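Contents: one structure, followed by commentary.
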Amino acid sequence: MPALTAAQIAGICGGVLEGDSSRVISGANTLEEAGPSDLAFIANRKAIEKASSSRAGCLIVPEEFSREGTLIRVSEPRAAFARALAAIYEKPRPAGSIHPTATIAGSAQIGANCVIGAGCHIGERVVIGDGSTLYANVAIYDDVRIGARAILHSGCVIGADGFGFVLSGDHYEKFPQVGTVEIGDDAEIGANSCIDRGALGATRIGDGTKIDNLVHVAHNCSIGKHVVIAAQTGFSGSVTVGDYAVIGGQVGVGEKARIDAKAVVGGQAGILVSQHVHAGEPVWGTPARPLKQHLRNLAELAKFGKLRNEVREIKKKMESGN
Amino acid sequence: MPALTAAQIAGICGGVLEGDSSRVISGANTLEEAGPSDLAFIANRKAIEKASSSRAGCLIVPEEFSREGTLIRVSEPRAAFARALAAIYEKPRPAGSIHPTATIAGSAQIGANCVIGAGCHIGERVVIGDGSTLYANVAIYDDVRIGARAILHSGCVIGADGFGFVLSGDHYEKFPQVGTVEIGDDAEIGANSCIDRGALGATRIGDGTKIDNLVHVAHNCSIGKHVVIAAQTGFSGSVTVGDYAVIGGQVGVGEKARIDAKAVVGGQAGILVSQHVHAGEPVWGTPARPLKQHLRNLAELAKFGKLRNEVREIKKKMESGN
Amino acid sequence: MPALTAAQIAGICGGVLEGDSSRVISGANTLEEAGPSDLAFIANRKAIEKASSSRAGCLIVPEEFSREGTLIRVSEPRAAFARALAAIYEKPRPAGSIHPTATIAGSAQIGANCVIGAGCHIGERVVIGDGSTLYANVAIYDDVRIGARAILHSGCVIGADGFGFVLSGDHYEKFPQVGTVEIGDDAEIGANSCIDRGALGATRIGDGTKIDNLVHVAHNCSIGKHVVIAAQTGFSGSVTVGDYAVIGGQVGVGEKARIDAKAVVGGQAGILVSQHVHAGEPVWGTPARPLKQHLRNLAELAKFGKLRNEVREIKKKMESGN
């Protein structure tokens, strides 16, 4: 971990320094836990109060913020802090290395400068772009293509058979899953997530898309670019998701549903078979509906008892009145 | 990939050929994407329109369908297509092979013609039937029994301890999990799914049952034959599921629940502890109820605002009327 | 499997023996399936009826129970049975052993008497306490600390990067995840569960906490001691859970939510971002509410149709009456 001066950090962040430019920063932490040699940041107005009591040696702050001490003013504090963090905790990424316990088919093509962890298995004709990282125990079936600079976390499984069966008389026969998986550049796939191969054609994950742990993507889904998918969400077959969509955790998406670019889906929502989710307002609930409508329904349910009492009252009055 | 003639494919499907019996077919695809050397199929009436513009070299169609070109008439197009697909994309399944990095206990019995992938671990006294396939990184604990022709996808874990603890004073003690797991013939278990061993006795998965990715089956469940279970569903302890039941994705099933043979459970449904799910009508929602009832409840919730306005109106009238 | 006499088992359980003290017991089973050489137990009054027809050679029973035959009276039958079971099925735990296919970084410290299974990967500077067990194919990233006597089931992933990204212009940049994971003594982590490292600081799992299969714990969660978490539950970032809380399966917990000590959360519940769950009454539903309130809401929904009919009736009367 290299120690940096506040001035160096300001340079890395593209921010304007105020205070002690030679202050040495060797770590980073939250406002509450940062000490005199640590960097911290203020994400928003809510955090400004906390900042007053912070012991952090240097603060990354929004442009309009003012306070005694060493500050770096930037327009996007969170992004700037992330960049500084990467510099402060920089570990020399191991140069291209393939762990001796990884098993890689002879016909697979591994790009330059890839790191392939212990116990990974890479099938026939797999192609992996330059600079990608596979942590321990990743399994990649035959014919999968993965872009450059992708990160695959431990235990994820790419290219297993899609879940397709045909009831034939008294038993199910396997619908052959002869397609593949294509994962874009700069994608990140979480631990123990599963991306199934297409039945025919490919299951696609776009460039820059980030998938959390324990996510399931079924055969022939087409997930766009720069999509964010939180943990334990599952997509049934042939779902399409547009670029920059944001999908919460534990969401379930039915077959052939369409989620538009930039749409936002709340945690645990259930999207029905062939449902079309638009951008603009987040959706929530099962079946997923615009957030306001769902909240109104929830609120109304709570008022049901009151309404029932009112009706009872009316009936009484009518009976006594007549 | 062998190229086949339309006549050969008709033979494989058990269908009636019409048109150019010597047409060479070397691939298969969807109606939209198939080209002149590809097979495609029409699953149902909805697809018939698409068929008119398909460039597919040969179509598998329902018996009543008619159109110019090379057709194969069958009673079950989807099943016939699956069979043709298997023939067209036939890869010579590797003869029985055990990857050198697999670790197999000395007391385990591996049937003839099994394929055991890289990094698989097979515990003591495990028995695996003939012709089964374990993809890379499958873990099988001691004493598990797996039938013939089973397929276990990467990362699935069979026979881990059931989740049983007894609060004893100020801490939990482990309830020993001394049972096992029995998986039938022709079963398929998805990537990263977990089937726990019984506490006493066995957790059972019947012949021909198909389980998708990331499914959890707790100790002492008894899942019947030819059951289909979609991704991310979880079964608590001692659940029973009858033959030919169909369970959607992300379903949660409480302890000791009973799901009858041929019952259908919708995605994200929640089945309560000891609840009994009957066949006949699908169930949905949490707690799971017959689909019509659940849909009615959802619809009524949406009408609540209208009802409240009506009651307000009535009150006004009564007040002004008196 | 050692055979024990009823007297020996009574000693192990700390119970009072009645009947044939020299009866030989070589197994254990449920009341229904136990035979003359098996131990069984009665957990509660409901089970007493079944006991009358049980063929078990010896029964562990609540103190007030009476019946012919060989009995062991104890105050906590389930805990006593668990202890007896451990003795009857005792397998000599392998002395400290590291499977030759495990890959362990040179800087990792593995305690005495640990069992490290096949295909496990243990990263740099990891510390594991004495007597811990890692089943096959566990992956532990750099810098994780695990206590003594912990059990990690196959496929679990400890210390993968937390899911943190910053939208920077047209793409997401990774928020560096430079924290770690600390797991306490006597913790058990289920198969294919994922505990992510902190962004800054640690993700913590307390002593004695038991986590089922396929659970997701995001960065910077702080899970207390002796917490029980059922399968497929997911915690977003920075959630805190107090000691002795009990969390059902498939629960989703939003960022920064607080679950108090001894709180109980029902299966599939959804806890909102920053929601505070108190002990006392279990919570259920999404958003999670006290159980009684949630049940009342569900019940009222079912009465909606009746209420609507009443209002219709009132309107009719008013129209005809006026």
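By written order: A, B and C. Residues from 1 in each chain.
Following the convention adopted for this analysis, contacts are C-beta pairs under 8 Å (C-beta built on N, C-alpha and C of every residue); 3 or more make two chains touch, one makes a residue touch a chain.
These numbers come from a predicted model, not from an experiment.
The two sequence copies subunit A and subunit C touch through a face in which the numbers common to both fall below half of the numbers used overall.
Summary of the copy comparison: rotating subunit A onto subunit B for the best CA superposition needs 120 degrees, to the nearest 5.
Between subunit A and subunit C, the centres computed from C-alpha atoms are 26 Å apart. Counting partner chains per residue, subunit B shows two or more touched chains at residues 101, 119, 137, 155, 192, 214, 232, 250, 301, 304, 307, 311, 314, 318.
On subunit A, the positions that touch subunit C within their shared complex are 28-30, 33, 76, 78-79, 82-83, 85-86, 89, 99, 101, 117-119, 135-137, 151, 153-155, 186, 188, 190-192, 208, 210, 212-214, 226, 228, 230-232, 249-250, 267-268, 285, 298, 301-302, 304-305, 307-308, 311, 314-315, 318, 322. Residues 101, 103, 119, 121, 137, 139, 141, 155, 157, 160-161, 163-168, 170-176, 178, 192, 194, 196, 200-201, 214, 216, 218, 232, 234, 236, 250, 252, 254, 270, 286-287, 296-297, 300-301, 303-304, 307, 310-311, 314, 317-318, 321 of subunit A are the ones touching subunit B in the complex.
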